[in-house]
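Structure provided below as structure tokens; questions to follow.
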Amino acid sequence: MKKALIVINPNSTQSLTDGIAAALEPLHSFGIPIRCLTLAEGPPGIETQQQADLTIAPMLARAKREEPNALGYVIACFSDPGLYALRDGTALPVLGIQEAAMMTAMTLGQAVGVIAIKPASITRHMRAFGAMGVSGRIAGERALGLSVTALTGDGTLDAMIATGRALRDEDGAEVLIMGCAGMARYRDPLEQALGIPVVEPCQAAASMALGRIALNQSHKITGATDA
Amino acid sequence: MKKALIVINPNSTQSLTDGIAAALEPLHSFGIPIRCLTLAEGPPGIETQQQADLTIAPMLARAKREEPNALGYVIACFSDPGLYALRDGTALPVLGIQEAAMMTAMTLGQAVGVIAIKPASITRHMRAFGAMGVSGRIAGERALGLSVTALTGDGTLDAMIATGRALRDEDGAEVLIMGCAGMARYRDPLEQALGIPVVEPCQAAASMALGRIALNQSHKITGATDA
Amino acid sequence: MKKALIVINPNSTQSLTDGIAAALEPLHSFGIPIRCLTLAEGPPGIETQQQADLTIAPMLARAKREEPNALGYVIACFSDPGLYALRDGTALPVLGIQEAAMMTAMTLGQAVGVIAIKPASITRHMRAFGAMGVSGRIAGERALGLSVTALTGDGTLDAMIATGRALRDEDGAEVLIMGCAGMARYRDPLEQALGIPVVEPCQAAASMALGRIALNQSHKITGATDA
Amino acid sequence: MKKALIVINPNSTQSLTDGIAAALEPLHSFGIPIRCLTLAEGPPGIETQQQADLTIAPMLARAKREEPNALGYVIACFSDPGLYALRDGTALPVLGIQEAAMMTAMTLGQAVGVIAIKPASITRHMRAFGAMGVSGRIAGERALGLSVTALTGDGTLDAMIATGRALRDEDGAEVLIMGCAGMARYRDPLEQALGIPVVEPCQAAASMALGRIALNQSHKITGATDA
Amino acid sequence: MKKALIVINPNSTQSLTDGIAAALEPLHSFGIPIRCLTLAEGPPGIETQQQADLTIAPMLARAKREEPNALGYVIACFSDPGLYALRDGTALPVLGIQEAAMMTAMTLGQAVGVIAIKPASITRHMRAFGAMGVSGRIAGERALGLSVTALTGDGTLDAMIATGRALRDEDGAEVLIMGCAGMARYRDPLEQALGIPVVEPCQAAASMALGRIALNQSHKITGATDA
Amino acid sequence: MKKALIVINPNSTQSLTDGIAAALEPLHSFGIPIRCLTLAEGPPGIETQQQADLTIAPMLARAKREEPNALGYVIACFSDPGLYALRDGTALPVLGIQEAAMMTAMTLGQAVGVIAIKPASITRHMRAFGAMGVSGRIAGERALGLSVTALTGDGTLDAMIATGRALRDEDGAEVLIMGCAGMARYRDPLEQALGIPVVEPCQAAASMALGRIALNQSHKITGATDA
């Protein structure tokens, strides 16, 4: 099998993985294969820290199996479960979609707004932004109030526009992050409706990962003379 | 002329531009042309805020002339001169190398060290990290004490290793940023000598810019229905 | 000509300069001449980062011409364009009105609110507050939605009171900064209407500059034995 | 008696008050009388939080007695004891020397170093910088290891230079604050020895206070229509 | 008299002290006596920094008198008056209720909301949270608008629920702190009404203090070999 | 079985659990049983994020089995693995030893130093302090350079004193945290050697947990009328 960037959706919903794959199509022109996988052992959707943490063991096992054919990894859940654990185990580039989305958003606007699916996710995301040391750039995070699996319903775009408008008008956000994998098809209509940039986190992470692969940029340097 | 990512070296030293171009060669495989330009009106090297600021007007003029053939811009000076001014004037992606290097480094290690050329640059960089809201991630910045144009001399690598070692061992840096364009050829030997990742800022910015171009991701959304 | 504190309005609107001069009249009793200049090369008003940055070159040139008759400088635009560039070039005191207004406001109340003219200025100001390391003291910034040149119209005070009231009541501001030169005549009625202190930034900067002049306090020490 | 800016030394050492008065002589040209008082009830020097807090009651009583002849107040102890308590009780300008020194230093350099007399004061100062929201601007604080009353001895300047050099060279300070009233006569030799600006906190506070008086700028607005 | 944890209410309202004592009853099972005292010299309620500061001298005197029978201290006013002064004077554990409540709340939810009695207290509390270095965890603070002594009135619970709901729904608070001693009896109904944890600060401080006593954990180590 | 506070050592080294149990003996007087368990599925020591994350699943399973006899939980590994996951699954109090140690240390000194076992743990701890929003209180973290299981060797105390002295003298720490479970017996000699408070994290967490149990204080309120 040709080596590829491995994008792991740590939940078990194949339609979400399909949505991620579609989001990454514009990056095929870079000439590096991208393979999107569904973690069979994951829950249908990840809504709690407990669900997120319990995907780590099977995700690490899956990544290990893929390693011979891997050029790098993207963990495609906005909670970045196992991001540092996977980095511990490989020298290949590993990007998490929350981290990459934030790094991308910070170059598109000063005040960043985040659209979450569920209110309970906000506290988890805030801890992660704190760990990144970027809390000061968060204008606000607001939840749609829809379940992850219900994200295909008709009212989703309307809910996203309403939530994004509140982030923009009440919280002062100048750029939005979609705080969930699987929302990619709403990026363009959301930007058009609100007039501010919208970051789709899988796109952000995959494009950063491809750059790392091309540049041979790793978080782990082996064989150093003075480590 | 085929449209390209335009990388503008705002100083007038062509050899530095050549070094930047060499640093970006691994990104040619992405299939998007990259054109590196030297700003004739710039000083030989940028060491003060005054020098940095005075490149903005000619840089903006040059960017405007290039716009018909541009897919995006990288401003290839670590002071990011005119970054926000250029973003004001175009909807094409615009990346600055300090900003992009920091966003990249933050995904490679928790504590970030910066190697500056001159001591006087540190205060300028610190203001910029503060404006980005990421000061808490900076472990330290230390200067080589060489002039920008002397960066080709034999002792440069030794000076960089010594400076990087101090950042790693005394300041606790886990990842280093080369705080200057034109140091690219030292990235690999520096990583090998010190055993921690080293970010070359032009590579960081160009790879992010290429991702934006492929994804049609802009900081400025035009024609929104509810702006 | 007698040496004076030089206050440079970097936009070309003389009536704004006149407003600044009026604002500084109470400081004439300190016995140090104050001269307010209009930068002919500037735009009528500064609303974008691009406009701000393009005033730097002519501002520096003008300051250089004034240097023989100068005791110090105030850059009288709330974006503080060229503040650090001018400090690079002179050992005389140089104050920017955003920086000085913030330092003043922080001694008048804990939570600081800022009244901007245009929404687009807020992101520029936030970057600057971040560079100063004082973002945690900002309760909020809100825009009037008037152009700089329209600030003489009848509804201006009403708009300022409404904006200030929102900063006080919704954002918790305990002190307000007028985020623009040329609003000085509204300081007293605004304080009377809202009951919280209001900082006029040109007054803040000029009074700090006069103190520096009297105390011979410079940012640049020349002739040190151990620099 | 002519109304004056009242500078209260909250310790009982008259020679310190004399040193403060000498430090403020350059500000006499502003035409506003300055009166420096010694708080008889204070301890000979303030080295603990307990000593600082116990000066508040007599300091407030003294300020109240002086109010009919006061234009404003400076509390001339670097712990700013009673700063907010005094502001509660008067609408006249009240400046504390730690707060004012920091606001001044932040306009003279990015990284601020503080010279303390005693190690035990550092924690007290750090809490205050935290309350001001400016901790990120502190490069370091180091102690001389001399008692307040011993500050007149011969080795004081040498100790200050050595401490300032460590702050500059090891901690990266670009501007120094003398963390004690009564060190004013060392400002010039310290600047000359180290080549970076030095802020004498009584000068910083008094010059800000004189500006407030001239500008009729108060922290407390009375008689507002919509308070 | 048996040695006890001494809880000092620095205001003179005995009914408040009684409320504090009632709040601490569940901690009697720990086997360490708790004695709640009223500071006769204090004001009926503490609403300003001046009132808070003026309780320090008599509080310190009272603590000194109690020392022979003390195992530790809690200062039971949310402004933590004299917290550091008392720590200066004793090696017994000293807890302040604002500090302890915040440390407790930070383990119960990410975003912390504070219910104040009076609007004027908010600025005082914010300075203290800044000094603690935890401002980033504060979602908001809102005032009931009741006087301290009116806290026994019938509408108090309703006002607290309304204020808590605004903190939860508008500011995003996930845990609430009751920003005043003497509100303990409202903790349960408030939790039941709003569904988020509520920290009663006297309980938080006393339980921490009892742990320190049992563990012999002091802020001041005496007799060290290398101090 | 009598209900107890359950302290889970997530590594499989029983001698470490024994050390934890010994550390908690002074808390037995509070009358609440404490049961210390060893997680058989854990690694001998936890040195990487991967090891930490992989203990979460068996730890959650174990906690679930213990729930009928539990009054609360302490996760006794300084990486706080599964802290938020366990809180998701129970309304009983759950304390992590890193979080609790930091909350405790912040009431014992302003600048906090952390003694880690291994250098690689520092980055993991720093992310956690960032997530807590308390990075500004960290003076430094330094590693002993010993493996977790070697912590019983003779040179351990010497290494801890040397590391603590560097944190105190070079980094300015005023209070130390032992960044590992199983170091409890060194707390007293370390305090005596260095003269500053030392927090043993299991003691900190258990004493906070006992307070929560006595006060019926939970992070999760069930049955609220308006959740």
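Think of it as A, B, C, D, E and F in the order they're written, each chain with its own count starting at 1.
Note that in this section contacts are C-beta pairs under 8 Å (C-beta built on N, C-alpha and C of every residue); 3 or more make two chains touch, one makes a residue touch a chain.
Fair warning: this is a prediction, and the values are worked out from it, not measured in the lab.
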| item | value |
| --- | --- |
| For chain C and chain F, chains touching each | A, B, D, E |
| Chain E against chain A, contact positions shared by both copies (same if over half, else different) | different |
| Chain centre separation (chain B, chain E; CA means) in Å | 50 |
| Computed distance of Cα centres, chain B from chain A, in Å | 25 |
| Distance from chain C to chain B - Cα centre to Cα centre, in angstrom | 31 |
| Of all residues in chain B, the ones touching two or more other chains | 109, 127, 130, 132-133, 135-136 |
| Contacting chain pairs - touch in the sense defined above | A-B, A-C, A-E, A-F, B-C, B-D, B-F, C-D, C-E, D-E, D-F, E-F |
| Chain C-facing residues of chain D, complex | 26-27, 29-31, 95, 99-100, 103-104, 106-109, 132-134, 136-137, 165, 175, 191-197, 199, 203-204, 207-208, 210-212, 214-221, 223-227 |
| Chain C-touching residues of chain E, taken from the complex the two chains share | 122-123, 126-127, 130, 135-136, 140 |
| Of all residues in chain C, those that touch chain E in their complex | 109-111, 136, 172, 174 |
| Interfacial residue positions of chain D with respect to chain E in the complex | 48-50, 52-54, 56-57, 60, 82, 84-89, 124, 127-128, 130-133, 135 |
